[in-house]
Amino acid sequence: MLYFKNDYQEGCAKEILESLTKTNLEPTVGYGFDQYSQAAEAKIKSLLDVDCDIHFLVGGTQTNLCAISVLRPYEAVISCNTGHINVHEAGAIELTGHKVITTNNINGKMDFIDLEKKITEHSDIHMVIPKMVYISNSTELGTIYTKKDLEQLRKICDKYKLYLYIDGARLAQALTAKSNDLTIKDIANYADMFYIGGTKNGALFGEALIIKNNELKPHFKNLMKQRGAILAKGRLLGIQFLTLFNNDLFYTLGKHANTMADELRNIFTKYKIKHFVNNDTNQIFPIINKELYSYIKDKVEFEIQEIKDEQLVVRFVTSFATTKEQVKDFAAILSNYYKY
Amino acid sequence: MLYFKNDYQEGCAKEILESLTKTNLEPTVGYGFDQYSQAAEAKIKSLLDVDCDIHFLVGGTQTNLCAISVLRPYEAVISCNTGHINVHEAGAIELTGHKVITTNNINGKMDFIDLEKKITEHSDIHMVIPKMVYISNSTELGTIYTKKDLEQLRKICDKYKLYLYIDGARLAQALTAKSNDLTIKDIANYADMFYIGGTKNGALFGEALIIKNNELKPHFKNLMKQRGAILAKGRLLGIQFLTLFNNDLFYTLGKHANTMADELRNIFTKYKIKHFVNNDTNQIFPIINKELYSYIKDKVEFEIQEIKDEQLVVRFVTSFATTKEQVKDFAAILSNYYKY
Amino acid sequence: MLYFKNDYQEGCAKEILESLTKTNLEPTVGYGFDQYSQAAEAKIKSLLDVDCDIHFLVGGTQTNLCAISVLRPYEAVISCNTGHINVHEAGAIELTGHKVITTNNINGKMDFIDLEKKITEHSDIHMVIPKMVYISNSTELGTIYTKKDLEQLRKICDKYKLYLYIDGARLAQALTAKSNDLTIKDIANYADMFYIGGTKNGALFGEALIIKNNELKPHFKNLMKQRGAILAKGRLLGIQFLTLFNNDLFYTLGKHANTMADELRNIFTKYKIKHFVNNDTNQIFPIINKELYSYIKDKVEFEIQEIKDEQLVVRFVTSFATTKEQVKDFAAILSNYYKY
Amino acid sequence: MLYFKNDYQEGCAKEILESLTKTNLEPTVGYGFDQYSQAAEAKIKSLLDVDCDIHFLVGGTQTNLCAISVLRPYEAVISCNTGHINVHEAGAIELTGHKVITTNNINGKMDFIDLEKKITEHSDIHMVIPKMVYISNSTELGTIYTKKDLEQLRKICDKYKLYLYIDGARLAQALTAKSNDLTIKDIANYADMFYIGGTKNGALFGEALIIKNNELKPHFKNLMKQRGAILAKGRLLGIQFLTLFNNDLFYTLGKHANTMADELRNIFTKYKIKHFVNNDTNQIFPIINKELYSYIKDKVEFEIQEIKDEQLVVRFVTSFATTKEQVKDFAAILSNYYKY
């Protein structure tokens, strides 16, 4: 069986496992106040070159729900309708008391015209107050934002006094995509708050939340603790992020996933299989017919995104651990299918 | 520097690191539906011999806040005033909407007479409805409950239709204490819900929540997800618990911590230093004077529990990783102090 | 100045004021346990002819947020996008922790095809669980549901095990509309829970929540108290509802508002002014041009619903207190305008 | 049957009923933006002589839960253990996510030494952050704070940067007590936020919340709406408070209740019946034996506060509506009892 189900199906990059093994029996203080966490914070700060607070958390939903909890209860976050916080977090944001206002999406990216419409529609005390914009980069459909996009979005946020929060669960893949024109400094520059994803880029687990806007900084550790989001052995997060940003491992892993996806994408294209959305990161969405689906479904693990009449939009994901052999094996499967 | 600060100051037992390393690159499905998590569940169920659901979570506060979220909003949990949920979870339980009603404690154990008083005081619609009793075993003061205690508590819970929830962050240490007369089957028998702690007993992280009462089982995974409490790479939890319950590693590690604590306890006793509370698990609470405190504080890491006039109640904790050498080194420090 | 701004712009029906005055100095017990509240409950139960619990609350948003709080945290309520709980309650439902899933609307009524699509899309533990359908009758656009509609909706709710909750803020107007084919018994028959609105139908304030489904009944008074929703002088609610259901005052007042709206509607139609939506209750939505708007805006109070290029959809509302003179005065204003 | 059960057992003062009747059919805008609410705000501001925002709410628990919702989620409110928010609001404060930290009480008043102890005990990120002190004046035991008390409390609040919030459900009775040395201006001067109670002082319902501290003012109407705490016909609150502060009706009613309580208190004292607590407001707490209790319980409505062996602490409450005849009738009952 081949696995292209997601980018968290394996454990972690070997460098990370080595770091964890090497430090395993050193005693440290807990809760992220250890020397490794501090060094990882310092390292990331030096890369971002902005005044910020950094907190390490275990997973994406946890990070999003903590981040969005900085809002006042009557304030809402705006996400495009395909956004992770709107669909796939089991109501985590609403549980914190905040409404998720949705906009249309264009290939998984926020429709800025609709955004401005939604902001201005909320105008009296009987409605929530839009206060934060949430986007993910790369998006849930594997597309990425450009520098021009973020400039435009920042202007809208400034105009209406909204915070911009970027979910970087797959930031490595976004920043190493061929068509990307953003740097991590740009992200830090445009966003009020964002997170750098580890879980989907070769860490065992872990996300680094960067808080730049001073209004959002106070007492964030208390806020995390109250949501069960401070890891006792916080060092595990520090060690992993320190390793990820050593020798650019973070980018190397992201780039690798993208490269493997490129090869996979080409295999589909070779057989004239169309893609539901054009992108150049590690998620691909081929549109296949039911016959092909039946042929491959017992040979490969992947997800069905959507069923459209006789066609299926499916999702293949590559990871830091995807090998050239696995891609070749998949090519062989397709080749066999088309032989007949 | 010696470290007796807590039982999560090191990484994990070597057996666990080996298991994680060995399985690192195997692809599995996420969110705890993998074969390792399933095997760990099956293993624990076989030990408990009750019909139950098992969920693996990352940390203690997270587990407690998810577990207590099974209550209806107007229902309250009762904890003794020293209980972890009352003091050290930054209001996590209240954030879920539930009042924590407190009882007196007797050496860290719940005062059952006060418990019954508190239950019966809540009698009209202007008050919360007591619905769950929370205890920890071993307690925050290192003491343990006896079989007779749990029998009595179960009777009270049955009388007033309350759920009994046992926080087992340090269950291994409780069950391997010299004076213990409970088995893990007994725990499963008396409790409606309890958790088996990994973080404080040699896992990198992880707690196994056991839900026995059928009323509390439905949709618990949704409840976890909504609180950011489902680990993407759920296998990491499954692998760790499978290893912990292989060859009784769980008990071996707990017993080791207790044994190291016994030795440490004797060292204090040897110098006529009294203990704030008598117990036989891995937390000890010597009462030391300020001079001794000044002498050792730069040589050993530990916590101050309470300052009483000229005396300090301090806390020393041993772990799965505490070595005989460390204990000896500490003995030498004390010996040096008393030489003069 | 004429007022057609809303149906809560005046105080209360004279019969209600008389009842309040007459009973003013009688001492009663508080919180809705008085003889008037009990009599009002008994009266309403006799009209509904179903086994139910009845609770009196002060206002609509309060009633909705209490009613929807019966859900488990991970359960969601489905409303059409124009629903009051989605738009005009300042995030009250989300504050209770519940996501509001939205469907399309057809003239303010729920699109049942879209409803079924939204239900079935929610299928895994990463998503909320749809558990309640919320509709309002009459709707926010003044339209009403038919018996056939409710039959169909009930079937969908039964199929997917959803509760049906009907917001009856303007139930009197719905049940007395010309095209209506439902009785209050039908409402009680189809719904698991619904409320009978007083505030918008001649009471000073007050809504009567009817809970029919046994699963939703337990401890509802506690749930209300916890949300600040139990009025100390609960008698005020009991007295008002007792008066409303004495001699069918409830229906008389609703019918009166509808009749005044009919007259107002005809005045607009006479001048070929189109209506944004066809309905026969007490809210009318003429589409007027900017010139007419400028002419009347200082003579009449009303709301702007939506601006469409050169046209404005405005909202005129009649109430229990609207007089024939007021309608005539408005006719004169329009007549003057069209004279030129 | 005589009624001394509480101070909200009757409707309202005749002046208030007259005002409501007189204005009943005037159309006004909703939600507290009407001319009566504005006039009431202006009137109260002129009496307080501080820069403040004023919001009218329906009841006490609703007011408390809205007021305390200004806190950040990880911030806690401190109340003495007898405080209304701790005991009698069904967990309303916890439902908003905030822990209620309790201090000892001295005759229902906060023990300031214990307060400072509780504040300083909360010192790390694993604990909630104390941020607001809640007191009620008069207290739940009918006692009142002095100017010296509030000076001292203000100093503690300033020292630790805490907000002081005063629950004035029975403020009229406190300010008109014989031993009182505070004015309403003093209350406004010492508190960051407080409310002036109407429900327990002759209004049908209603509390006026005064927000002085600028940090607590923004978007409070949104916060209220989200909690279902904005009355549609907000005028009802404005009219009542305008009437209460016209010709000092507020004080006249409070004074009347106190005077009636004085007479009642003397009747008990005459028969050597001791009081559980000494106070001079409208709640009295005689300690009676079971025989007396049995004699009067079918002749008078009152509450049992506490049962102590053979004695009962009972509570008698007088109101704006209590008459001299009622007091005399009660005197006759006691006289009859002691005759035998």
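Labels for the chains are A, B, C and D, by order of writing; each one numbers its residues from 1.
Convention: a contact is a pair of C-beta atoms (placed from the backbone, for glycine too) under 8 Å apart; a residue touches a chain by one contact, two chains touch by 3 or more.
As the structure is a prediction and not an experimental result, all values here were calculated from the model.
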Original post:
Hey, what chains does subunit A share as contacts with subunit B?
Top reply: C, D
Subject >> Chain of greatest Cα-centre distance to subunit C >> reply: B
**OP:** Could you please state the distance in Å, as a whole number, between where the Cα atoms of subunit A are centred and where those of subunit D are centred?
**Re:** 51
**OP:** Mind checking the centre-to-centre distance between subunit A and subunit C? Centres are C-alpha means, answer in whole Å.
**Re:** 42
Subject >> Rounded Å distance, subunit C centre to subunit D centre (Cα mean) >> reply: 34
Original post:
Out of subunit B, which residues touch more than one other chain, so two or more?
Top reply: 73-74, 89-91, 95, 97, 125-126, 128, 222, 225-226, 230
Original post:
What does subunit B use to touch subunit D in their complex?
Top reply: 73-74, 76, 87-91, 94-95, 97-100, 125-128
Subject >> subunit A residues touching subunit D - in the complex, by the definition given at the top >> reply: 31, 69, 72-74, 97, 125-126, 128-129, 219, 221-223, 225-226, 230
Subject >> Residues of subunit B touching subunit A in the complex >> reply: 3, 5-6, 8-12, 14, 17, 20-21, 23-30, 58-66, 89-92, 95, 199-200, 204-205, 222, 225-233, 235-236, 301, 321
